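Below you'll find a set of structures to go through.
Each of the next two complexes has subunit A plus one other chain: subunit B in the first, subunit C in the second.
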Partner chain A sequence: MLADLIQNSLDGVTAGAAYALFALGFTLIFGVLRRANLAYGPAIMFGCYAATWTHLNFGAGLLLLAVITIAGGVLAGAYVERLCFAPHRGGSAIAAMVASFALWMQFEELATIVMPRHLYAFPALYDGPPLELGPFTLRIDGLVMLATAIAACALLWWILYRSRFGLAVRAVIEQPAAASLAGINVPWVLVRVFALASALGGVAGYLVVASHGQITPMLGMWSTLKGLLAMMLGGLGSLPGAVLGGLALGLIEAHSQWFFGPQWRDLIAYLLLFVLLAARVPWMTTRSAS
Partner chain B sequence: MDDYAIGVLTNIGLFSFLALSAYLLLVAGEMSFGQQAFFGVGAYAGGILTALYGWPLPLAALAAMALGALAQFLVGLPTLRLRGLYFAMATLAAAEMFRILFELFHWRVERNGELAGPDGTQGFRGIRWIFEHGIEPVHYLILVYALLAVILLLLVWVERSRLGAVLRGVGLDPELAASVGIDVQKAKLGVAAAAGALAALGGVLYAHHNTYIEPRNFDIMLGVHSLAYALIGGLGTAFGPLLGVLLDIGVLEGTRFFHGYRMIVFGGLVAVLLVFRPRGLLDERMVLWIRRRFS
Partner chain C sequence: MSLLGVQDVVTAYGKIEALKGVSLDVAQGSITCLLGPNGAGKTTLMMSIAGILKPKRGRIVFEGQNIAGTPPHAIVAKGVALVPENRLVFPAMTALENLQAGAYQRADRKTVGEDIERLFTRFPRLKERAGQQAGTLSGGEQQMLAVARALMSRPKLLLMDEPSLGLAPLVVEEIFRIVTELHKDGVSIFLVEQNAHMALKVAQHFYLMEQGKVTFSGNPGSLAEDEVIRRAYLGSAQA
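Presenting the complex of A and B:
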C-alpha cells in the first residue's frame, strides 16, 4: 500500500514535470498579455510533427529531432503571436482567444493533411529496462524528463531574474504602462516572451512524445488542456505557482488513476479545478483576468 | 432539394441554437467554454425520453430544455461571480466533467426485445422518433427553422425591451449596472438558464436528426466552435451567430470547394476577420448603420 503510494508519487512527479513546463509557457504568455493562448498546445504539436516528418523522411537522430521540435514550436508560436495577439493588444481579449482557437484548427488540419495516419511512432528516448530501486521502478525516460524540466526551470529562472531581458519581462508583467514609459520596447518583449514560452513548450512536447514513443493529432488539445489546468491550479499568472500546479496535477492524476481508473482520473482533476474556482481560494483569484 | 443539401441546412439550424446560447452569455459579458455540455444534456435527455420511454418529441424537448436550464443554472450559481478567464475555465471544467459523466453513463433498457439506451463510450443509438413517426427530412428541416424563427423573434423582442438594455448594461459594465440598481448576479443567472435551455433544445434536435450520439460529440471543440460562431457573426444582433454558423457549415462545407483544407481556410479567415472586426461582422455599429439605412 505504502509502496504503491510512493511508486504513484514518483510517476506523478515525472508526468507533472512536463505539465509544469506547459504551465510555465502559458503563464509567461498570460503574464505579459493577460490573454490565454489556446493555440499554445497546437503550436507545440506543429513542432513535434515537423520533427516526426523529418525523422520519417531523413531518419534524423534524437538531438536533431529535439532541435527541430523546439524550432518548429517557436516558428508556430511567432505566427500565432503575429496573427492573434499583436493586433488585439489593448483590445478585445475574447477576440484574441477565438482567433487563437481558429489557428488551433489550422494546425490540427495541417497535421492530418501532411501526415494522414492517426498515429505515428516517434523514436523513444530510451529503450532499455527501467531502473530497479528495491521495490520501486523508475523509468529512465521519466528521469530524463524530470532532469530536463529542472534544468529548463533553472535556465528560465536565470533568464527572468538575472538578465536585462528578464528585467524587462518582469516590468511588463507588473506594470506594462510604466515599462513602456521607461523605454522598454513592449511589443518586442512580447514577441520574445512568445518565443521563450514556445521553446519551453517545445522541450516539454519533445519529452512527452519521446517518452510515449508515439504522436497523434490529439497532442495539441491535450497539451493546451493540461497546461491550462496546471496553470489555473497553481494560481493564474504566478511562475512558481505554475510549477507547483504542474506537479500537483501530475500527482493527483497518478493517484486517482491508480485508485479509480483513467476516466475518474480526468474527472477528479476537473472537479478539483471547478471546486477551487467556485470557492475562490485566495491564491487563484488574486490576478485580474479580464 | 437533395438529401445532402437538406442535411447541411438542418445542421446549420441545429448549431445555431448552440451559437445563440454562447451569444446570450457573451452579450451578458461572460465567455463560456462549456455550452457543449448543455447541448449534450439536451441530446441525452431528449433521446432517453423518446427512444426509451416513448414520449412524444415536443414533450421530451420541453423536459430536456428544463433540464438544460437547470443544469446551467446550477453550474452558474457558484461560478457567475468569476470574471473573464476564471469563468471560462470553470465552465470548461464543468463541461469536461459532463463529457466524462456521459462516458460513465449506462442506462440500458429493454425495448422491443433488445437493449437500448446510452452505453458509455459506445454511445447511444436508435433515437428514431422522427423516422418512426414518418417525418420526412424536409419537414424536420422546416420544424428546426420554425423553432429557430420563434427563438429569434423572442430574442429580438427582448433586445428591444428594457430587459435587453439591462443585459447589455450588465455585459458592458457590471459595476455601473449595479450602481443603477440592477441585480447583476440575478440577471446573469437568468441569462445562464436561458442559454442552457437554448443549448439543450439544439441538443434534442441534433440527437433526433442524427439518431446516434456519443460523448465525444460534446467535447471542447464543439464549445469553442459555438463561441467562434457567435463572435465572427457579430455581437450586435441575434442574427450574428446565425451568420457565423452559415459561414462555417454553409459556405465551406456546402460548396465542398475547399475540401480537405476547410479548417485551414476558415481558421485563417476568422483570425484575419477578427483583426478588423473584433466584435464580429454584425457588431453594434454595423447594426446601427443598417437600422439607419433601412428605417
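Presenting the complex of A and C:
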C-alpha cells in the first residue's frame, strides 16, 4: 500500500513536470495580457507535427526533432500573438479569445490535411528497460522529463530575474502603461513572451510525445487543457503556483488512476478543480502580480 | 525658444472629445505649469504628449519634430519622460529594479550605475529602500521613485502629472523643492497640478485648461492670479 503510494507519486511527479511547463507558458501569457490563449496547446502541437513530418520524410534524429519542435512552437506562438492578440490589445477580451479558438481549429485542420492519419509514431526518447530501485520502477524518459523541466524552470527564473528582457517582462506584467513610459517597447515584448511561452510548451510537448512514442491531433486540446487546469490549480497568474499546480495535477491523476481506474483519472481532476472554484479558495480567485 | 509645441490637438475617447483643439508651448529651460479643474483634460493631454493616447488631429512638436502618434517608447528615446498620475511604480519590483527599468533603453551599464548613485544622493530615502518592494513604500517615497525612474532615461523634458496628489503638505513641499532643483540642473519641466498655489510659486509660465480647451495663459504674479486659482479649482462654469 505504502509502496503503491510512493510509486504513484513518482509517476505523478514526472507527468506533472510536463504539466508545470505547460502551465508556466500559460501563466506568462496570462500575466502580460490578462487573456487566456486557447491556441497555446495547438501551437505546441504544430511544433510537434512539424517534427513528426520531418522525421517521416527525412528521418531526423532525436535532438534535431527537439529543435524543430521548439522552433515550430515558437513560430506558431508568435503567429498567434500577431493574429489574435495584437489587434485586440486594450480591446475586447472575448474577440481575442474567440480568435485564438479559430487559430486552434486552423492548426488542427492543417495537421489533418498534411498528415491525414489519426495517429503517427514518434521516435521514442528511450526504449530500454526502466530503472529498478528496490520495489520501485522509474522510467528513464520520466527522469529525463523531470530533469529537463527543472532545468527549464531554472533558465526561466534566470531570464525573468537576471536579464534585461526579464526586467521588461516583469514591468509589463505589473504596469503595462508605466512600462511603455519607461521606454520599453511593449508590443515587441509581447511577441517575445509568446515565443518564450511556446518554447517552454514546445519542450514539454516534445517530451510528452517522445515518451508516449506517438502523436495525434488531440495533442493541441490536451496541452491547452492540462496547462489551463494546472494554472488554475496553482492560482491564476502566479509562476511558482503554475509549477505547484502542474505537480499537483500530475499527482492527482496518478493516484486517481490507481485507486479508481483510468476512466476516472481526468474526471477526478476536473471535479477537484470545479469544487475548488465553487468554494472560491483564496489563491485561485485573487490573482498575484508575478 | 519653444522646446515643446502642442498645436490644435484633439484627443477623443470613442466619440467624446477630451481635448478640443489644445495649443500651448513649453519654453526650453522653463517650468511651465498646466492648471485646471478635474475633468478639464489635463491628464489626457499628458498621455497624448507621451504617446499613450493617439491624438485624432493636431501636431505635437518636440525639438522641431512632430511626435504625434509616435509610440511611447520612441518618445522616451527622443528625450521626453512622463511621471504619470498616481505614480504607477512597479509594485512587486524593488526600488532599484524600478530605476533600472527606467533606464531600459540605455545600453551603457556604467553610466546607468552612476546615475543611480547620483539619484540616491538626491533621494536618500530611496537608497535606504533600494532592496524593498516598491509597493511597500509610502506615497511620498513612491512619488520620489516615480520621478527618479523617469529621470533614469535622461530626459530633456520632464512631464509631471499631479505629483502632489494625495501627499501630506510636508511631502508636497519636498516634491516641489526637487522640481526646482531639477530645473536648476537644466531639465525643462511641464507640470500638471491641482495644487495651484504651489505650482504658481515655482512656474515661470502657466496655462489654464477648462473643458478640453486652453482658456487662459500668463505669468505668475500677474493681477489675474487670484481669478486663475479660483477657476483652477472650480472651473468657470460654477462662477
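Basically, the second predicted complex is superposed on the first by the 287 of 290 C-alpha atoms of A that agree within 3 Å, B and C clash if a C-alpha of one lies under 4 Å from a C-alpha of the other, contacts with A are read in each partner's own complex, and residues count from 1 in each chain.
Everything that follows uses one rule, which is that a contact is a pair of C-beta atoms (placed from the backbone, for glycine too) under 8 Å apart; a residue touches a chain by one contact, two chains touch by 3 or more.
Predicted model, so just to flag it, every value in this text is computed and none were measured.
Judged by the touch definition given at the top, the superposed model places A:A124 against neither subunit B nor subunit C. Shared-chain residue A:A78: touches no atom of subunit B or subunit C. Applying the stated contact rule after C-alpha superposition, one finds that A:L138 touches neither subunit B nor subunit C.
Once chain A of one complex is fitted onto chain A of the other, the partner contacts of A:R164 are limited to subunit C, with no touch recorded for subunit B. Shared-chain residue A:E174: touches subunit C; no touch with subunit B. By the document's definition of touching, of the two partners only subunit B reaches A:D266; subunit C does not. Once the two complexes are overlaid on the shared chain, A:N185 sits against subunit C while remaining clear of subunit B. Looking at the superposed arrangement, the partner reaching more residues of subunit A, out of subunit B and subunit C, is B.
Of the two partner chains, subunit B is the only one touched by A:Q106; subunit C is not.
When the shared chain is aligned, no partner comes close enough to touch A:A60: not subunit B, not subunit C.
Shared contact residues of subunit A with subunit B and subunit C: 289-290.
The part of subunit A that touches subunit B in the complex is made up of residues 30, 36, 38, 83-84, 87-88, 91-99, 101-106, 108-110, 113, 221, 225, 228-229, 232, 236, 263, 266-267, 270-271, 273-274, 277-280, 284-285, 288-290. Against subunit A, in their complex, subunit B makes its touches with residues 26, 31, 78-79, 81-86, 88-90, 92-94, 96-97, 100-101, 103-104, 220-221, 224, 227-228, 231-232, 260-264, 266-272, 274-275, 278-279. Residue ranges on subunit C touching subunit A, taken from their complex, read 50-52, 71-73, 76-77, 81-82, 84, 88-93, 97, 100-102, 104-105, 149-150, 152-153.
By the touch rule above, subunit A contacts subunit C in their complex via residues 164, 167-168, 170-171, 174-175, 177-187, 289-290.
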